[in-house]
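Here you go, one structure.
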Amino acid sequence: MNLGSSVEIITEWDIVAARQLGRNEAKQVGFGTVDQARITTAISELARNIYLYAGKGKIEIERISEAGLVGIKIIASDEGPGIPDLRKVMEDGFTTSGGLGAGMPGVKRLMDEFKVISEVGEGTTIITTKWLH
Amino acid sequence: MPQEVTKQYKEIMSKYLESQSEEDLYVGQQFSRRFIEKDIAPEDVISIHKSALFELHPNLRKQVWDSLDFLIEMMIHYGLTMREHQSLVRKQEAIQMEMNVATKVQDTLLKTVEPDAEGLDVGWISQPAHQMNGDYIYFLNQENASSVAVADVIGKGIPAALCMSMIKFGMDGLQNENSSPDNVLGIINRIVEKSVDDSMFISMFYGKYNSITSTFSYASAGHEPALHFSSGTSAFTELDARGLLLGVKKEAIYDEHSVVLEEGDFVVMMTDGVTESRTENGFIEMSAIKSLLAEKKDESAQEIADYVYSELSRMQDYQLSDDFTIVIFKKKTV
Amino acid sequence: MPQEVTKQYKEIMSKYLESQSEEDLYVGQQFSRRFIEKDIAPEDVISIHKSALFELHPNLRKQVWDSLDFLIEMMIHYGLTMREHQSLVRKQEAIQMEMNVATKVQDTLLKTVEPDAEGLDVGWISQPAHQMNGDYIYFLNQENASSVAVADVIGKGIPAALCMSMIKFGMDGLQNENSSPDNVLGIINRIVEKSVDDSMFISMFYGKYNSITSTFSYASAGHEPALHFSSGTSAFTELDARGLLLGVKKEAIYDEHSVVLEEGDFVVMMTDGVTESRTENGFIEMSAIKSLLAEKKDESAQEIADYVYSELSRMQDYQLSDDFTIVIFKKKTV
Amino acid sequence: MNLGSSVEIITEWDIVAARQLGRNEAKQVGFGTVDQARITTAISELARNIYLYAGKGKIEIERISEAGLVGIKIIASDEGPGIPDLRKVMEDGFTTSGGLGAGMPGVKRLMDEFKVISEVGEGTTIITTKWLH
């Protein structure tokens, strides 16, 4: 099963569109109000990073199911400058320093699974999943 | 609480109450980040919320206002946690700065000079898993002989730094002495044994290249075996020698062995951070490491070392689980 | 969120909405601490609050529920801050454990043996302002001579520990050599100068007591002067000697002076943590420190040291602003 | 000017009485709802420490004014075991370890001024003040 759709992120308005899509999908999957807000916030952070640091990119949202569990998967991708030091970006406290990858530990905390693939000069893809418990 | 904040909060919420639009939530959430930056506690947020709601809808039932007062009370300890967090963040920043200074001092204090021996090409890399490195390389340069000690010291941070300084100052004292590997390990072992308690161990490999005889002699204190690549057979041989970890027993004896290097031969000394590289699917096989080394057999010692590091680090998703050190002694082809 | 939590929250809040009593707020607040212990985020609290209020008063106007949804959204980043806090607390605990190990290792590795010279009574105390001590005492025991180096090393943590190890291993090498104070400081200065960069300074006072001649000879590398208490005149004399901080200049020269100790005389060597003790009202006067020393002139060297520490520490409200070290050499009365 | 009153802390009920007194006084002084809650929480922590670790003691609450400022002063005193290591008790993170002096950094944060006098075997006195800004 693989339902979902995507939003191109170019303007700040697109962040709101991605949030709206994410919240709707999360509600469809059956997440409660607080988890809807968490998923939406994660999307918001990812979309803002694209908007602020890569210029443009895409947020894809999929409803997923696996081994009897349902959940939501977010794929954020851009062809921006990439992240030179992934080890650093995932550290706590880096959040405050702004710049590319800001708030990544936050997104990781809001969701259940988190994976980032990045190549300098090529772009970044972040895949993050939350399961309905 | 500044009037201005309540006014803005009221405006944003008022829009949301009219339309329930995602846009208002986005604006509200961005606004809430500024609250955090301004050290506005969660109980203050509830209070601002209450004031804003009251200005918008003064006629809501009394229970609404009382319930918000109750919520303020529930939030006080959350506010304390948040302020404790800010103090911890500052502490952490101070520690970070201290660590940066420490790393610099350690680099200066424990620096060692790469040998420049006739016919020998030396390459090395040493990467910490976290900020401070617990692996240590010390080069000893004498006439017609280039030696290196590769050590993995116990723990990290201060204990590790102290162990390294012990090795460094111990080795510094050897400049004009007999530097045969078994003798060196014996001397360092006695210094370590004298200075540290029983819970502290250091593994060390000591290799010495004699540029007149082209002989590589070595001894090991419970360290990873080195690898000898023969350019003639294109095969690897393990160079191991019996010997206890440093600091265990005062009168420990270290075996010494030697091998003659042919042109294009090289010896790879490593710490367990290299041989025990781990991926999600388990340890990286020794054969894989040998393949990487062999691929670059015709390059310089430094290029071989750098290549092995970059490949193994990539295979581990750039997350080293242990400090990673390689030293390569390669006999130049003339 | 467990149903049970919402149920209890509802009950407590329901009581509060009826009576607005302080007791209910107290119970509620105690309950909120358990929330924090259970990692319940502030946005969860708002959600629990909303459910409870809905069950109690389902007919409140729509704006009430919408405004609480808005509030949940406002709390998400507070929740993140809280979770980041927990991770920092764990990090901090790990650092604390590491520091405890480090302190232990440092104590073992840098330990020094108190001299036991004929006719000499030795007392000392060294208290860190924070966990790691940046002051260092090293005793050197030779036939008929007891010496001590009192050093204040730069910084703290790892840089300090490394500086100390430099001093220690440097001094260890002096066991059988000429230990006259000017010579010792000259040797240590060269080791330090060679090993550290220009930004690292160490101040050191070196004192040597010859038990045959009852002579105390000393040299100083930019350190606090020592105090000589004469039992004959009951007066203090400053013992100072010219000399640069260690590590500044390779060929620094250290002056050496000496004084003969009479029975009951004592010499007090200190770091600036003693002489620059600060209270709310400014520095503690040198005369006050001398008075404290004089009060206990007939006690053992250790008792004098302990007394000065306990009094100065009390005057500073138990908050040392710098590491505090005193070493006393007292000529025994026979 | 020096108005105020005090509550003996012997049972858990007395904690509530001290809180009530503190909240009333704070309101009289002119503190807003949130600060009333903070002052009350500080009193609550101090009274609980007395109740849990000293057995009994006293909370005194005074309205104060100085140099045109008004505020509230809380004096918590007991003849309990005293605090052996004041330096430790005032450190962050100690909060979690419970025991005597638990939550002291919290009380300090809730108020503006904080002073503790303690002698082992003699007891502890804590004086803390909050000014109306």
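As written, the chains take the letters A, B, C and D, and residue 1 is the first residue of each chain.
We adopt the following convention: contacts are C-beta pairs under 8 Å (C-beta built on N, C-alpha and C of every residue); 3 or more make two chains touch, one makes a residue touch a chain.
This is a predicted model, so every value here is computed, not measured.
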So what's the Cα centroid distance for chain A and chain C, whole Å? 45
Between chain C and chain D, what is the gap in Å from one C-alpha centre to the other? 29
Touching two or more other chains - residues of chain D: 41, 93
Chain B touches at least 2 other chains through residues 25, 29, 69, 73, 76-77, 84, 88-89, 91-92
In graph terms, with chains as vertices and touches as edges, which category applies: line, ring, star, complete, or other? other
Following the definition at the start, I'd like every touching pair of chains, please. A-B, A-C, B-C, B-D, C-D
Note: in the complex, chain A contacts chain B through residues 15-16, 19-20, 23, 40-41, 44, 86-87, 93, 96
Provide the residue numbers of chain D that touch chain B in the complex, in ascending order. 32-34, 37-38, 41, 92-93, 95, 105-106, 109-110
Write out the stretch or stretches of chain C touching chain A in their complex. 1, 41, 43-44, 47, 50, 69, 72-73, 76-77, 80, 83-84, 87-88, 91
Complex contacts: residues of chain B adjacent to chain A: 22-23, 25-26, 29, 89, 92-93, 96, 318-319
Spell out the part of chain B that touches chain C in their complex, as residue ranges. 13, 16-17, 20, 24-25, 28-29, 31-33, 35-36, 42, 45-46, 49, 53, 56-57, 60-61, 63-64, 66-67, 69-71, 73-78, 81-82, 84-85, 88-89, 91-92, 95, 98-99, 101-102, 105-106, 108-110, 132, 155-159, 161-162, 165-166, 169-170, 173, 195-197, 200
